[in-house]
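Below are two complexes that have subunit A in common, paired first with subunit B and then with subunit C.
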Partner chain A sequence: MMGLTSITRDRLGSLLLILPALLTIGFLFLYPLGYSVIWAFHGPDGWTLSHLAKAYDFYSQDVWFTLLIVVAATAVIGLFSIMIGGYLTLGESRWAVGILKWLYRWPLFIPFVVAGQLMRTFLAKNGMMNSLLVSGGVMEPLQAASFLDWRGILITFVWKQTPFVTLLVAGAMAALDRSTIEAARNVGAGRLRILLQIVVPQVMPTLMTGLILSYVVMMSVLSVPMMINAQTPTMLTVDMAWRINSYGDYPVANALGFLSYAMTAVVAWAYLRRGVKEKGAA
Partner chain B sequence: MKGVSIEIADLSVSYGGTQVLTGIDLSIAPGEFIALLGPSGCGKTTLLRTLAGFVPAAAGEVRVDGQDVTGLPPEKRGMAMMFQSYALWPHMTVAENISFPLRIRRQPKAMVTAQVQRMLTLVGLDGFADRNVTRLSGGQRQRVALARALAVDPPVLLLDEPLSNLDARIRLSMRHEVKSLQKQLGLTAILVTHDREEAMAMADRVVILDHGTVAQAGTPEEIYHRPVSPYVAAFMGAENTCAVSLRHEGDRIALSGQQIRGTADLPVRAVNSRVRQDGPAAVFFRGDAARIAVPGETGSGDRDGHLTLSGRVSLHSYLGNVYRHTVDIGGSPFLVDHPVRMDVGVAVDVCVPAAALHIFERTGSAAATPAGEQFAQTH
Partner chain C sequence: MGAGVRLPSVALKAALIVLFAFVIFGPIANMLIWAFAEVWYFPHKLPLKWGFAFWERVFRPQGNAMASLGTSVVIAFGTVLCSLAIAIPAGYALGRGKLPWRTAFLLLFLLPQAFPSVAVHMNIARIFYSLGLNGTLTGVVLVHTLQGLVFSVWIATAAFAAVDRDLELAARNMGATPFLAFRTVTLPLALPGILASAIFVFLTSLDEFTGTFFVGVPEIKTMPLLLFSASMEGNYQVASITALILLVPSILFMLLIERFLKADVLAKVGS
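Entry: the complex of A and B
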């Protein structure tokens, strides 16, 4: 009996300890989340799919636009982070590795809204990129075009999120048993093969985690599409802001939000499934 | 492929300003098994990694089968290496690990499969092809590493303390397996180890390194019985040492000293003496080559041709076949094995036959040898 009461008391103690965190998550996250899902599926006459249908009817193009941009950006970020992390791990020139290590993290410290502003001045028709290309003789002034469309969003996302994923990936690569790399060199593997067949497979879980976190962040950025791509199609975050600010139309905004969750959930589900499978195999 | 010769000429290596290897010269014959032996920090692993191409040489040359490979990257050297940590690729199965070197060389699939099977049989891992390497025991992992190294028929096999992570019983059987495989395939092999018994059991020739230079190179018998320096003698187990005064008398050597009872009169031919002149010298001997006698007891008269030291037993430990006694002689501890346990505090004589003595010139005091440093490591 003594034991039982002491266990109960222990439980109660630990519950009390985590209670503030639980309450915070509950009130500030779970409650609004649940509420917005309910809003998305609830009308004056009870449960309905009409908000979702309306959202898709108005914005189906933007749903696909958002999905394509974010998926493409995630893929490019993955590629770049593997390239940078790979060079940091396998590069032989000590000064080149040093410079790269110092340079690649910079965008991490710049907020999205500033990144958006930076890219506006860089990618515009008469922006810095085109001026440089023209003055460098690479391009005629007449050929200059604005990149302030889907390409601008993609470039900004990649520029801003690559350092984050690279930070994780390069850390995981540095933590690898070096002798697994040396063993591959020893049996005759070149640098690229070692990166793709020895290093990347071993850091795959870290890479996937970084990419999914990035995917979710990009899904929810409002400032970048707003500043860079002031046209249709655009990203869902812009549509949501528009529905709320101009029409006070919460049901449709919430339905759009639900679509964003769904796009994120698919990725999260795929990731979790992979994790379970790997645990089962190991 | 048959083994090839390796020529190391005046090789020096430094790490960020610190000289690690200095003027190493070594010729290795095709099919020879060499052990690089020495304590931590002597440069043996650096030498192996320089041969493999992972550490650049500061000066000198490495020639493999007559060809200079000093500037070649590791992937172009054709030397297979076994790592201390096995270095298996955890995301691949046993078969994928072994076939990786073959797949790099774009060999046809049927040949790869056949070769993997041959390698699995060679190292005794039939039926393990599809096993995940993370699910194997240490000994099995080491076999996979060996199979992977041998898969492309390399002419040279480099072994970086490959057995040091295995438990004692498996280590002994792996010694013989690796050695017999090396002989069977005719490979040139270079083993790095800090275990002198392993070096002697496996190698045709042992190279003892001391602070980045070769202290002695020779057959296990030469190194064991004829060490050329106090360092080698102590590393090969002759850790008992005392200061003596040496006199040559025709074909005899006379030794006297504070710790020695009377004067030892020894035939010069029997002793491994590196001293040419009369004067101060240092004597080294192994604890298992000496025996303990009780002063005044029968049989103690049989001490001609022996060096006799008198002391008291201060400690003993049981090793299974013998008792190892610590005998205090003139204030210094000596380790001596004896089949019968002697009680602590008993006065004993330690008798060392002439053939077990190594005599070197004494520079400063007798303590100026690496003997003290070795004590901790070898027992």
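Entry: the complex of A and C
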């Protein structure tokens, strides 16, 4: 009997210790989240889909633009992180691996707003990228154009997020059992084949987790599309800020917010379903 | 493979690495040039006039850059204190205690990372407005605390979980109260991990843009907001100098992270 009460007391104590953290999440996250859904679907006459219809009517182009940019950036990040991680794991020349390892991480903790400013100068008409292309003879000076549009957003996202996913993927690759790789090498498999058929399938869960986290982050960035892409179509985050700051239009802004949740949910659902299928197959 | 194949392959590797280095450092270099440019316009590839004129403007004691830097640092320290006060007890309970639904709690703290944050932030701003918290330091500190919560709680949990339980039991057996055992044994051993989370939270707060954009306006102007408005006004020099100031701690952290976060703690994150 004494033992039981002491366990209950321990549990109560632990719950008490975690309570401030729970209150923070409740007040600063769950409450505003619920609030946003109510704003999106509630009007003067009760529940309604009219805000959502209006939001889509006004911003359908931006919805698709956002989805395309974020999906494309995620795909490119996935490709680059496999290439870099793969070379770090399978590369044979020690100096190249060493330099690459030192190089790829630099953008890791650079904030988006700083990345936005870096790219605003780098991709501009007189930016370094054009200078290099012109000096290298790839382009005539008159052809120099600014990349500050959808390409700029894509480039900034890839530049900023690839190190994060690569860090996770390279870590998972380094933790793999080397014996299967060595075995494949001994029977003469090429490095590309080893990477695609042996290494990548084993790090797939890590890769997907990294990509989904990146996807959500890119879906949430406000500064980069504002700084890089001043024209329409633009990303939903910019539209939300605009609806709020210029019109105080919470219903439409929250309907757009709901669309951005939905775009994230679809990806998360596809990922979870794939996980379940794989477990079922195994 | 013979030596004849070897040489071009080395040259190719070197060329690819140089290209990669340009992709990584090109944007940073371009910003550095802007930070020291006084006159620069198209089609000139380099500034026509170099100098420190804009640095003087940014670092003037009464200039708004110094004020922004002060605001940013005050907010970041406030956020660290607030996060630690929440994350140390929570991390101890999750890493040590006999907490029911432990996994569910850990996932709950991850939840804010699973939703696009702009939609949440604009509603926090609306709620804060009715509470009079908009445009106050407290309001911004609270939003930054939410942003860093998953990292601080998860890393603190991992740090406490990595401490050998027997050491605490030994202290208890020698008559120490639970709090004394915690303060003199467990907390000091978990301290490196907790410091790492504090540094991480500090950096997140220093760099935070979206939450401050919605909750802080118009009174609170942190460095990222100053950078943003300078950039949008086309003042690339001030924007680049501000970007440089924000870049230094980010890069230092990137270079030092492995020393702060030991492998034994990292292995326990999220488990």
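Here, the second predicted complex is superposed on the first by the 265 of 282 C-alpha atoms of A that agree within 3 Å, B and C clash if a C-alpha of one lies under 4 Å from a C-alpha of the other, contacts with A are read in each partner's own complex, and residues count from 1 in each chain.
In this text, a contact is a pair of C-beta atoms (placed from the backbone, for glycine too) under 8 Å apart; a residue touches a chain by one contact, two chains touch by 3 or more.
Since the structure is predicted, the reported quantities are computational estimates derived from the model, not experimental observations.
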Partners on subunit A (subunit B, subunit C) - clash or fit: fit
Touching partner for A:P20 - first (subunit B), second (subunit C), both, neither: second
Winner by number of subunit A residues touched, once subunit B and subunit C are compared: C
Subunit B versus subunit C as contact partner of A:S223, first or second or both or neither: second
First (subunit B), second (subunit C), both or neither touched by A:A183: first
First, second, both or neither for A:P111, with subunit B first and subunit C second: second
Where the C-alpha centre of subunit A sits as vertex, the angle toward subunit B and subunit C in the overlay (nearest 10 degrees): 90
Shortest span in Å between Cα atoms of subunit B and of subunit C, once chain A is used as the common reference: 7
Interfacial residue positions of subunit A with respect to subunit C in the complex: 7, 10-11, 13-15, 17-18, 20-22, 24-25, 28-29, 31-33, 35-36, 39, 93, 96, 99-100, 103-122, 125-129, 131-132, 135, 141, 144, 159, 213, 216, 219-223, 226-227, 237, 240-241, 244, 250, 253-254, 256-258, 260-261, 264, 268
Residues of subunit A touching subunit B in the complex: 177, 179-180, 182-190, 193, 197-198, 201-202, 204, 281-282
Subunit A contact footprint on subunit B (complex, rising order): 52, 54, 73-76, 78-81, 83-85, 87-91, 100-101, 104-105, 132, 134, 145, 148-149, 151-152
Parts of subunit C lying in touch with subunit A, wherever the complex brings them together: 10, 13, 17, 20-31, 33-34, 40-45, 85-87, 89-90, 92-94, 97-100, 105, 108-109, 111-127, 142-143, 145-146, 149, 153, 203, 207-210, 213-214, 224, 227-228, 231-232, 236, 239-240, 243, 246-247, 250-251, 253-254
